Every structure is written in structure tokens, then in C-alpha cells.
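Next come two complexes built around subunit A: one with subunit B, the other with subunit C.
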Partner chain A sequence: MPTYGGWTGKTLRVNLTTRTSTVEATLDKYKDFWGGTGMGYKVLWDEAKGVTDPFSPDNPLIFGWGPLTGTGAPCGGRTCITSLSPQHPYAAVASGHMGGHFSAEAKYAGWDGIIVTGKASGPVYIAIRDDQVDIVDCPQLWGSGIYRATAEVVAAMGGSCQVAAIGQAGENRVAQSVIMTGYSHSAGGQGGVMGSKNLKAIGIVGTGSIKIAASKKDWRALVDNAMQLVGSNNQAVVPNSPQPWAEYVSSARWYAAKGKYWGAANPPVETGTCDPHDRQSVGYRCFKSDPGAFAEQFTVRMDGCHSCPVRCHQALNVPTAAKWGVDPTAANTCTGWWGRGLMNNAKVIAGLSTQDANLKTLEAYVVGKHMTDDFGLHNNYGTTDRGWAFIYGADKGVTWIKPNVPAAEWTTLNAPGGLFDLYEKGDLNFLMAFGKMMAYQVGELGKFLAGPVEAGLNKWQTGVPGVTTGSPGILAAYHADTSVLWWANGFPKHHSPENGGFVGALINTGYNRDAQNHCWSNYLSNGLPTAVQRTIADAEFAKNGYMAGMGAAIDPNNTCTQMNQQKAVAARWAIARKELMDSTGLCSWMWPWIASPLKERGYAGDIALESKLFSAATGKTMSTKAFDDEGVKFYTLQRALTMRSFNSMHMRVLHDQLPPWAKVENHAGAVAYMGANYYMKSADWETALDLFYAELGYDQATGAPTRATLEAMGMTDVADELDDLGLLPASV
Partner chain B sequence: MKDVAEESVDGAAPETLEPEAEAAAETAEAEEARKLLETVVDHIRRESRAAHITSPAVFAEEPFSFEEEQLDGVWDAIAADPQYADIVRTADEKSGEEFLHSTKYLVVPYARLLLRTQADDPVFLIASTVRDNSEIYPRATPVTFFELDPFNLPLEEIFAHITVMDGLEEYSDIKRVTVTNGMVCLYSDRYLTEPRAMAIAQWAEVDSHLNSNQ
Partner chain C sequence: MSQHPAPLLEIGEDIGAGSAAGKISRRDFVKITSITGAGMFACTLFGSVPFAAALKTPILSDAKGVLLHDISRCVACRRCELACSEFNDGAASAYLARVKVGRNFAAMKGSPAGKAEGRAGDFRMQADTCKQCPHPVPCAEACPKGAIRSDSKTGARRVDEKLCVGCGVCTRACPWAVITVNPATQKASKCYLCDGNPECARACPTGAMKYIAWTDLRLTTPPVQPGIMADPSTTAYCAPCHS
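And now, the complex of A and B:
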């Protein structure tokens, strides 16, 4: 076995049933799957045979990162947590992803991953101090939120400790729950699995370092090169306001500007016009200020993850939020500011002055963040907001069919001080009460909000024999509303056909939750003119061994043109890169960098950067194409796992179908491919699948990988097992 | 310095300098030209760095007070020397008047925006910028775009200018769509159809935020 850099060489396995920990040689067992999701899929394939209950002790929970974690590679703070997912109706495999500093600390402690199996007899946390691993009883923490759990573990282990913990939602096996680190970085969907193992937290203190195969000089040059090409959040490369240095201006996530301040810093800090050649100002670029300019005066700074120059978490101090019983300081990003979806509505702010409405909205951000991050709930890209809208609308007769739940539940919601009452008054105590309803799965409605959504709707549709009658049409009503668009397996619409037409839709076919894939959507949203994006794509992909004319894969956001070969190649590339980011430890919200902010490069980035970093860190030299092929291998193992959970090879029919809202036939008067919408023709979707499967080496009829493909990827064992299960397509 | 080409008052042959003196004079002259060039270039770059464009006319005024012939030499030197490739002229689209700036600090598109801003014709400013955005990206332009620096127009004024624009034939290509959050976006129908403008604007102003990239 050659010695590589990047990896520590050791993977930690903790069996909570036997309260034992063992060490596995990473490169003996997982060398072909690297780390992160790749390692997670491999563990599940080997060890979760026949497991259908995500809360079974036999469902392994894999905390993974990769060989680039802790090396200083930019944007390298990701942790991927993989298991059979409670959010999926068939408990198919899925991963949650969190930033922060947990994975780097774990690497410094000497670990390439942590595999947790079994179930503790009572509440415990795992305390890792380099090689020393202890399983610590913590009955006093069970029932507490993430904040207290994190603080207690840190108090016990020391200030440099990094903690991943669950709240009450995870303890109560809520499907829409998270595992959280650093008080604001959360991995969605796996909290309940951790709770089912009676595992409250993992604390890690690491004092070691990571060996890098390349010389210091070469590594430094590579990182410096990457730092020259980095943009802002989601690799936006164009500022969103006119700036003297910028040839282009856009609506992309490069917010820094003259006169735009972190107003609550002492003294206030002007983000300014950040020339892309100035590395020292990279951290100012992403001043998201999500609620708008009003929030600038309450912004202390931007925060973020290990080894990431782009700070995408906004740290707020909203003193008036304290009146709702929470800490007025809070940090988070996007839907992590959960209050924005639940309380930022016209009903609540009606009658308030603009100033008061803005302030209340911001207070809702802070209260909602503390609610969700302490209970450990998963917003799931607005799924829970939509669930609330569904319940409220159903009772008020706005749009919905009312689900058949005990009348007392509606009475409670409508009583003074009940959720509906608080909501209508704009009382932010609503947020905490709402979180409690979800985290403790209070009543039938609480169970519905806790998810998974599709299971709840199906139950209401058919009723529970002998208990409740069904509510026919409720599923269709939920589907029909444009505010609750979801993908085929019950996860929310998120970077699907609205971001890249066929490419976005194909990316989404493969996964069992929203794909968490930003490789293509980032590029489309980077702010450059479409013509420039196409020119760069033509050159960058051809340079790295891909087919000519890849610019033809690009459709601007919210539009779609006819399917072509380039789009199938782009979709394959994007799913490969998503898996590669997740298996090396890089952030899929930032990487890859097809474009850069540099005019002198024609705004080209370098899609070979990740393979160069990987090669330099590990010493395992790889071309870009070979690197990408590895990503497809990881994805294909995920596909095999999904087939095993579905107990079917017929992925084309059962898994990869386009939702009704994406089909032009379901939109009266709409015309496809004219640049006015992202809808596609059903027949063309079938063509898209044909081309996509061909790129992946999958069987056209079923959408399953063939034996030849699996064997070419070195996964003969997977082919054999699928064959034994009757899940392998017949050889042609 | 005495002009060596000047005739003597008595009609005699002009004085000639010794070769060494002639060389010294040429060196001094070159040095003076170099200083002049550096002064001009430094000023343009400094101003560009501060997000300002420079009228060539300022160099004929205090505190510079350079002669036209001297400046002609400067412009020639800038054009001939690659180290000054960043110094460019951008013309005001309405008057044709040219302004100087360093593209190292202030790029041509931004110079064009500054010129439109200082042209005191907000209707032209809005329409031209909307046309550019429709052609280049392509995209519709939210009215709030013109609240940003360097435009700094109050929203009510923006709408007043749009109303004026509506009555002018020369701007009849400028159209508007209103997306679902009420934002009004402008586009030029020379480059975008209404449905396409609507789709793009809806994404930029509403759907991208609902989709929540993170």
C-alpha cells in the first residue's frame, strides 16, 4: 500500500451498542471511495443490507470529509453525514452537509471519518481527543437543545473543542431535523438517525496536522492560484452594483460596495469596492444582508467555515429581539434564517410603518434562527414554511382541502394564544411554539410538519383504516399549488429545471433529497453575460478533455431550450463534481470554479483546480477526466443503494420522473423552448434520460447501471449483489 | 532655455551649440517631457482610482497650465508606449466629448455610466443603460438599479423619468414588466421579447431568493 498525503490513514468506528471504538485503515478499506459521501455510500452498501428503517440501530451514520480537509485548500470546511434517510419515503440513501470547523478538527485529531453504528442504552456523547475516544453518558443533556448540549460538551472538553449535536427534534426522530456544529452550520435530514442511536453529540479536539504530498512551495503556489480565481458566495464573479473596476454588473451574490457597511461592527466596517486582485478583501465580498439594506446597520460581520475566504454567514445583533426571550446576536445564512419564511408576510406586518415592519422582520430572523438551531429542525428549503401555509390555508379555507385530523387540534390552534392566534397577531412567540409543535411532533399536524411530507400527505389522502377517513384530493391540491413545488420523491424544488433546464432537471433525478448540487446553478448565476459563459464553457471543458461546444449546454435561469448532447455531458459532470466535493472535503456551494472574476483571463476559472489540489495533497496524480470518472463511480454506488432501497431496478419509471409542474403540457398556453419559461415537453424528457443514461453507462430501459459499467468502475461486488437481488439489468 | 532655432537679430546665421550642449539640451527636454507625461498619467490614474474620469481640458488649466503642443506630445507618448495601455479615452455618447481614465482602476463600461450620469439627461441615462443590459447579458433592469451609486436617483424621480420616457418616440423600445413582488423592470424590445424579459426578471427579483441557493 503506497503512502499518501491528505488522508490520516485512520477511520474511527464507534459501536454504541457495545460501547466500543475501533480503528480501521482508511486506505485498506475505503481507498476507492476516498471519504465523505463516497465513504458513506461504501459503508452503507457493505453494512446496511436489508435495512429499511432509518431509525434502526443497523443504519450506519457516517460522518465524512476527505483528503483535502484540513490541508488549507480553500473552501474546505465541509462535513457530509450519510445514512439511510428518514426524509425519504423509502428510506433511501441521502446525505446532509454542514460547514464549520468540525471536519478539520477531526482530521487534526487523526481521523478520516467516523462511522457510528448500533444504539446506546441511554443518552451519550462521543468525546474524541486525538486517539482517545470515550463514550460519555449524558442523561442530563437529553431533552435539551443544541445550544446547551454544545456548551456542556465544550465545557467538558475544552475551548478548542468542535461539537456536532442534535436538539429535541433529533431526539424525537423528526425527519426534518439536523445535526449542527458551531451553533449555525447544519446538516439536514440526519438528526433523527443520530437521535435514534441515543447519541446527543460528538466532541472533538485535535492537535495534529495533515501531511501533504507536494512540496510546501508547490502546494503554496496551487493554493495561491486558487485564491486568485475565487469569487464571492456561490462563486459569483460579478458584483451586484456598478463598480469602477467591474466590466459587468449583475444580481449575483457579490454584495460588497462603496458605502455598504457592517454597521454594527465597532467601528463600522465599509465593505467597499473589492478589486478582485486584492486577496485581503475577499472576505468582504459576500455581504448578503439577507433581509435587505435595512439589516446592514445590525450586521456585526460575516462569518463562515474553516479555510474559506468567502464568508457567507451573516452575524447580526438586533437588540430589540431580546424582548422575545432570545439572545439578540445570531449568525446564519439563507433559509437558516427560518423566521423569514414563516413570519415575513403581509398579514403580520400590515399596519406597521416600513421601519417597524423591517425591524420586526429582522427580529423574526433572529428568533426563528434560535428556534430552529436550538431545537435542531430542518427548514428543508422552505418545506416546513410550505407545510405551515398548507395547514393555515386549509383551516382558513384559503386554497386547501382540510386534512382529516381530530377537531381538537384545530380548536387548539385557533384558541387565544394558539398558533393561529399568535400568527395573526404577528406575535413572534409563534416561532418558538411552532418549533415545539414540530420538534415534539404534537398532534397529527405536528407529525405532518415533522415529515416526511409525502408520507403525511399520503396518510391524509387515504386515511387510517378504522381511525380516520381519507381526504381525497389532498395530495393533488398540494401538488397543484405553485408555492409548494416539489420534486418526484417528496423533496423541494431547488436548483432543478429553473436552473439550467434539462441540465438542472437531470441533476435532480439522481438523488433522494434535493440534490445539494450547485456545480451548474452557480455557473449560471455567476453574473456574467450568457455569451461570455458559453465562451468560457466551450474553452474550459474542451481543454480538459470534454466534447467541443459545451457552451451549448447553457440555458439562462428560468429558461430552457431543447435537449442536446452537451447537456447530458454537463449533467454528468455536475453530479460527478458534487460527489467529488463531498468526498474530498470541499464545499459544493463554492466549487467548482468554471469562471473567475479576472478580466485578463476572459473571466475563465479552472475546472482542473480540484484534481490538481487532490493530486498535490495526496500524491495520487489524476487528470481532470479521471478525477471526474471517480465522481461518477461514487454517484453510481449511490444509485445502486437507491435501487436496493426501492427493491427495483426500474429507476427510470419509479425515480427519475419529471414532476408535473415542469412539463409544458400542464401549463395552458405556455410554449416550450422559446426562452420564456423552463418547461419542457414530456417526450423530450425521455430523450434527455436516454442521453444522460448513455453518458453514465446505464441501461436505457431501466436507468440502472449495467454490469459492464459497474465492473469498469471496479465494483464487481456491487454488480454481483444486484444480480443476486434481481436488480441488475439484463446484459445486452 | 534659449530657442536654438531662433534667428539672431542682425540676420546672421543662428547660433549653434556645441554637441555636448546640444545633447544636454535634448536630455533636459526629454526629461521635461517625461515629467509632463508622468504628471498627466499619474493624475488620470489617481482620479480613476477615486472613480473619476478626467477631461483632457483640465491639463490646460490650473494647476497644470500645459501648452496644447506639450499635451499633444503626451497623447502621442501614451498611445505609443505599452506601459500606458491602461490610459484610454471614452466618449460621451451625446456630446462626443472624450474623457480620460485608467482601465486599471476604472473600466470603459463604468466610464460610460459616469458620463451618462453627468450628462444631466436622466431619461437618456435610464434608457441607454436598460438597452445595454438587455443586449449584453441579456436581462431586464429593475428600477431600483438606478438608486445605486453612481446613479443615486431617488425612486420617485426614476418613475417620473420613466413617465417622461413613455412620451418620447426615441425611447419607444423601452418597455416594462412587473414581477410578482411588484418590482418594475425595464427592458428594450430590440433585444428581448416580453415573455423572455418577464422570465428573466422574475428569476432575478423573486424566484432566485425563494429558491435560496444555500
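And now, the complex of A and C:
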């Protein structure tokens, strides 16, 4: 076995049932799957046969990262947590991703991954100090939120400790729960799995190092190159406002400007013009203020993950938020602020002056963040807050909630000071009441919000015999509603047809939860004119061995044109890269970098950069095409796992379908492919699947990988097992 | 003036790349001797005659530069730690890094979370850096091998790896705990200002880490560990001035 850089060479396995830990040689056991999700899929394939209950002790929970984690490869702070998912109707495989510094600390402690199996007899946390692994009883932490659990583990292990923990939601096996590190970085969906194992937290202190295979000089040059090509959040390469150096202006996430300050820094810090050649201003570029411009004056600084120069978390200090009983400091990004979305802002600010309204809205961000992050709740990419808005509706829950909860619960919800009353009054105490109801699964409403979406909808469709009457029609109404982000198979969309038409839809179809794949949507939203994007795509892909004319794969956001070969190639590439990011440790919210902010390069980035970083760090030299093929292999194992959970090979019919709202036939008067919408014709979706399966080497009729494809990927064992289970398509 | 038990200054060139023995410069020596009675004694006694053996160098002239970290601008990405360890040691490591950020995340400097500095506190992130201390230089004074000298180019307090035995005394002597011993090499890993182009400052994406002309920054950051442990022979050397 050659000696590689990047990997530590050791994977930790903890059996909570026996309270033992063992060491596995990473590159003996997982050499074909690298780490992160790849390693997670491999563990599940080998060890979760026949497991259908995600809360079973037999459902392994894999904390994974990769060979680039903890190194200077920029934007490498991800932790991917993989298991059979409580959020999925068939408990199919899924991963939750969190940023922060947990995975880097784990690498420094000497671990390429942590596999947790079994179930402890009582609440425990795992304390890892380099090679020393202790399973520590912690009954005193059970029932506490993530904040206290994190602080207590840090108190026990020291200030350099990084912690991943669950809150009450995870303890209570809430499907919509998270595992969180660093008080704001959350991996959605796996909190309940951790709770089912009686595992409250993992604390890690690492004092080791990660060897870089390349020479110091070569590695420095490569990292420098990456730092020259990096953009802003989501690899935006065009600023949001006119800048003296900028040729273009866009709505992309590059917000820094002269006169824009981190207003709560002491002294205030001006973000400035951020010329892309100025390496010392990269960290100012993003300044993404999710609560709006009003929040800028409350910004202490921007925050983010290990090794990432682009800081997408906004760190706020809103002193008046303390009156709601929470810490006035809070940091998060994007849907991490989702708690505020539970409330109707018109009700929140009713009767207030503009200044007071702005302030109370901002306080709602802080309170909502603390509520969700301390209880450890997941919004499932919009499902919880938008789903709540759907069921509560304009009629205050009469249509969808009242028929599905016992009369006494309905009375309590509507009582003075009850949940609905707080909501109607715009009282921010609503947020804590809502979170508690969800985290403890209080009543039928709490169970509905906490559980898997499809299970809740199915239950409410017919009601509980003798208790509730049910709401016939809720399934169809929910599935047809674009506001709830519902995607076929019971998970929410995450950059689907609105970002790339067929490419976005194919990417979103690939998984058992929201795809968490930004490889393509980032490029479409980077701020460059479409013509420039197409020119760059033509050159970058051809240069790296892909077909000519890849610019033809690009549809501007919110549009969709007819399917073509290039779009199938782009979807395969994006899915491969997502898996590669997750298995090497890079961030799919930033990588890959098809474009850069550099005008002198024609704004070209370098899609070979990840394979170059991988090769240099590990010493395992790999071309870009070969690198991408590895990603397809990881994805294909995920596909095989999905088929095993579905107990069917018929992915085309059972898994890969569009939601009704994506089909043009369901929008009266709408015309497809004319630039006015992103809808597609149902028949063309079938064509898209044909082309996509062909690119992947999957069977056209079923959408399942063929034996030949699996064997070419080195997964003969997977083919054999699928064959034994009757899940392998017949050879043509 | 009492007489020192042994000559403690080696006269010659500064340590640095290409210098084997580890010496301090004539200029530094003159500068030192001009301001210390001990130096006057040594100058008078030994003139410019070089000493053959590697000896203690407890009195070092001020460095030319120092790292200044701006707590208001730090975004806690830790690219400084990475640049320091990867480009100096060929390995990524917060432990080896001569600048320390990660250990200050959790607001464990004696205050509950939410009240102190740090990622878990008020968000203000402090990087611990070497102050390139003026005389008395705690790490140099503590080193039993006299292995921490003044770098010829920058005046940084630099470990002469040929002399260092990895005992770790310097790691405990440093009030800011910014020195570690590399387990792989058994040599102390200490900031030497990267020959005047500090990798950490170059890597900082917000300019929070700056390389500035030397100034005494010891009072800007509270020490993280108390005490100076001078080597006994050094203590004896210092006695004439500090008794």
C-alpha cells in the first residue's frame, strides 16, 4: 500500500452498544471511496443490509470528510454525516452536511472518519483526544439544548475542542433535526439518528498534522492559484454594485462596497471595493446580510468554515434581542436563519414605526436562530417554515389543521397565549413555543411538523380513526404548491428547474433529500452574462476532455430550453462533482470554479483545480476526467443503496419523476421553452432521462446501473448482491 | 560589578540560513554591550575575540518586525495557521502553526460563553502570535541549549534546529504559549517571521494579520500562561544586572 498524503490513514469506529472503539486502516478498507459520503455509502452498503428503521441501532452513522479536509485547499470545512434517513419515506440513504471546524479538528486528531454503530445504554458523549477515545456518560446533558451541551463538552475538554451535538429534537428522534457544530453549522436530517443511539455529542481535540505529498513550493503555488481564482459566496465573480475594477454588475452574492461596514465591529470595518487581485480583501467580499441592509450596523464580522476565505455566515450582535430571553449575538447564513420565516412579518411589525419594525424583524432573526439551533431543529430546506405557512394558511388552520388534531388540542392552540394567538399578535415568543412543540413532538401538530413530510401528509389525508376526520386532498394540494418546495419522493427541491432547466431537474432528482448540489446553480448565478458563461463553459469543459459546445447546456435562471446532450453531460458532471466535494472535504456551496473574477482570464476559472489539489495533497495523481469518474462511482453506490431501500430497480418510475408543478401541462396557458418560465413538457423529461442514463451507463428502462457499469467501476460485489436481490436489470 | 562565571556571548554572525553554529552579530553585540554593564564587562574582557563554543545568548537586540493581529478584522478562517504549517513544515496542523487561532474559539478564557471573546462569545477572534519579546526573552532565557537566537535578517527569535533538543522548556516559558515541539522532528516550532515575509500575513484574507515594524506588543494581549523559567546558567549570567 503506497503512502499517501492527505489521509491520516486511520478511521475510528465506535460501537456504543459495547462501549468499544477500534481503528480501521482507511486505505485498506475504503481506498475506493476516499472518505465523506463515499465512505458513508460503502459502510452502509456493507453493514446496513435489511435495515429499514433509521432509528435502529443497526443504522450506522458515519461522520465523514476527506483527504483535503484540514489542509489549505480553500473552502474545505465540510463534514458529511451519512445514514439511512429518517426524513425519507423509505428511509433511503442521505447525508447531512455541516461546515465549521469539526472535520479539520478530527483530521488533526488523526481520523479520516468516525463510524458510530449500536446504541449506548444511556446518554453519552464521545471524547476524542488524538488517539485517546473515551465514551463518557452524560445523563446531566440529556434534555439540554445544543448550546449547553457544546459548552459543557468544551469545558471538559478544553478551549480548542470542536464539538458536534444534538439538541432536544435529536434526542426525541425528530425527523427534522440536526447535528450541529460551532453553534451555527448544522447537518440536517441526522439528529434523530444520533439521538436514537443515545449519543449527545462528540468532542474532538487534535494535535497532529496532515502530510502534504507535494513539495512545499508546489503546494504553495497551487494554493496561491486557487486563491487567485476564488470568487465570493457561491463562487459569485461579479459584484453586486458598481466597483471601479468591475466590468459587470449583477445580483450575485458579492456585496462588499465602499461605505458598507461591519458596523458592530470595534472600530467599524469597511468592506471596501475588494479588487479581485487583492488577496487581503477576499474575506470582505461576501458580506451577505440575509436580514437586509438594516442588519449591517449590527454586524460584528463575517464568519464561516475552516480554511475558507469566503465568509458566508453573518455574525450579529443585536442588544435588544436580549429582551426575548436570548443571547444577543447570533451567527448563521441563508436558511440557517429560518426561524424568522415561521412568522408572518406583517403581523410582527404591525403598528410599528419603520425603525422599530426593522429592529423587531431583526430580533426575530436572532430569536429564530437561537430557537432552531438550540433545540436542534432542521427546516429541511424550507419544508418546515413554508409547510407551516401552508397548513396554517389564511384561514388560521381551519382547512388543514383543525380536522387533524383532537378537539382539545385545537382549543389549546387557539386559546389566549396559545400558539396561534402568539402568531397573530406577532409575539416573538411564538418562536420558542413553536420550537418546543416541534422538538418534543407535542400534540398532533407537533408530530406532523416533526415527522417525515410524506408520512405526515398521508396521515392527515385520512385522519386518525375515531379521533380526527382528516383532510382529503391535502396530499394533492401540497404536492402542487410551488411555495412549499415539494419535490417528487417527499423531499424538497434545492436548485431544481429554476436553476438550469433540465440540468437542475436532473440534479435534483438524483438524491433522497434536497440535492445540496450547487455545482451548476452556482455557475448560472455567478453574475456573468449568459454569453460569457457559455464561452467559458465551451472552453473549460473541452480542455478537460468533455464534449465540445458545453455552453449549450446553459439555460439562464428561471428559464428552460429543450433537452440536449450537453445538458445530460452537465448533469452527470455536477452530480460527480457534488460527490467528489463531499468525499474529499470541499464545499459544494463554493466549488467547483468554472469561472473566476479575473477579467484578464476572460473570467475563466479552472475545473481541473480540485483534481490538482487532490493529486498534490495525496500524491495519488489523477486526471480531471478520471477524478470525475470516481464521483460517478460514488453516486452509483448511492443509487444502489437507494434501490435496496426501495426494494426495486425501477428508479425511473419510482424515483426519478418530476413534481407536478415542474410540468408545463399543469400550468394553464404556459408555453414551455420560450424563456418565460422553467417548466418542461412531460414527454421531454423522458428524453432527458434517456440521455442522462446513457451518460451514467444506467439501464434505460429502469434507471438502474447495469452489471457492466458496476463491474467497470470495480463494484462487482454490488452487482452480485443486487442480482441476488432481484434488483439488477437484465443484461441486454 | 561582579564577575560572570563564564563568558556567555558568542561573537560572530547572526544565525540564519547557512550559519551553522548559531551566533549573534557584531552589531548586535555592540548594541547590547553599549547598554548593559554585563556587556561592557564582556567587551572589556574579551574584546572582539570569538568564542569557540556555542554559548548562551540571553540578551538579544529587538527584532526588526513583529506580527500584529487585528481582532476586529479576523474572520476565524485559520488560513494563517494553514499557511504557517504547510509552507514551513509541509504539513497542515494547528498544533505546529506558530500562530494560534483555533484554540480561542470556545471562549474558555475564564468567562462563560456569550460573554467572553471568541467564536462562542462576542465573535471577536484573537490570534495568539509571537511578540518577538525584547530582553528578557522568555523562551531564549529558558532554553538550556541556548538554541533561540536572533535571526540575522529580521531579528526574530529563531530556533537553531542544530542546537534544539526538543525538550519543550521554551513551550512552557512562552507567556503566550505560541511555541510547540514538532513530534516528528523533535524540534521547537517557533515563529521566525518567515525571513521577513510572514506566510500567515500573506495568507490572511482580510488583512487582519499584519507584519509591522517591531513594537512592544506584550501588553496588548494578556498572557495565556504565567511565569518565566530561566535556565539556571542564564539566571547566573543575569545576576549582575538583576540581583
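Everything that follows uses one rule, which is that the second predicted complex is superposed on the first by the 713 of 732 C-alpha atoms of A that agree within 3 Å, B and C clash if a C-alpha of one lies under 4 Å from a C-alpha of the other, contacts with A are read in each partner's own complex, and residues count from 1 in each chain.
Just so we're on the same page, contacts are C-beta pairs under 8 Å (C-beta built on N, C-alpha and C of every residue); 3 or more make two chains touch, one makes a residue touch a chain.
Treat the numbers as computed from the prediction; the structure is a model and nothing was measured.
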When the two structures are laid over each other on subunit A, do subunit B and subunit C clash or fit?
fit
On the A-aligned overlay, A:His494 touches which partner chain: subunit B = first, subunit C = second, or both, or neither?
first
A:Glu665 in the overlay: touching subunit B, subunit C, both, or neither? Say first, second, both or neither.
neither
Subunit B versus subunit C as contact partner of A:Glu686, first or second or both or neither
neither
Based on the superposed arrangement, let me know which partner A:Asp28 touches: subunit B (first), subunit C (second), both, or neither?
neither
Per the contact definition in the header, classify A:Trp219: touching subunit B only (first), subunit C only (second), both, or neither.
second
Per residue count on subunit A, the busier partner among subunit B and subunit C is C
Between the C-alpha centres of subunit B and subunit C, what angle is found at the C-alpha centre of subunit A, to the nearest 10 degrees?
70
Note down the smallest distance between any C-alpha of subunit B and any C-alpha of subunit C in the overlay, whole angstrom.
18
Residues of subunit A that sit at the subunit B interface in one complex and at the subunit C interface in the other, please.
none
Okay, in this complex, where on subunit A does subunit B touch?
233-234, 241-248, 250-251, 253, 257-259, 273, 312, 333-336, 381-382, 493-495, 498-499, 518, 521-522, 525, 529-530, 556-559, 589, 599, 674-678
Contacts from subunit C onto subunit A in the complex sit at residues 72-79, 82-83, 85-96, 102-109, 112-114, 118-125, 183-184, 202-207
In the complex formed with subunit A, which residues of subunit B make contact?
48, 51, 105-110, 113, 136-139, 148-151, 193, 195-196, 198-200, 202-205, 207-208, 210-214
So in the complex, the part of subunit A that touches subunit C is made up of which residues?
70-72, 74, 101, 104-105, 107-108, 147, 150-151, 154-155, 158-162, 182-183, 206-212, 215-216, 219-220, 223, 227, 262, 265-267, 269, 279-284, 300-309, 311, 315, 317, 327, 329, 331
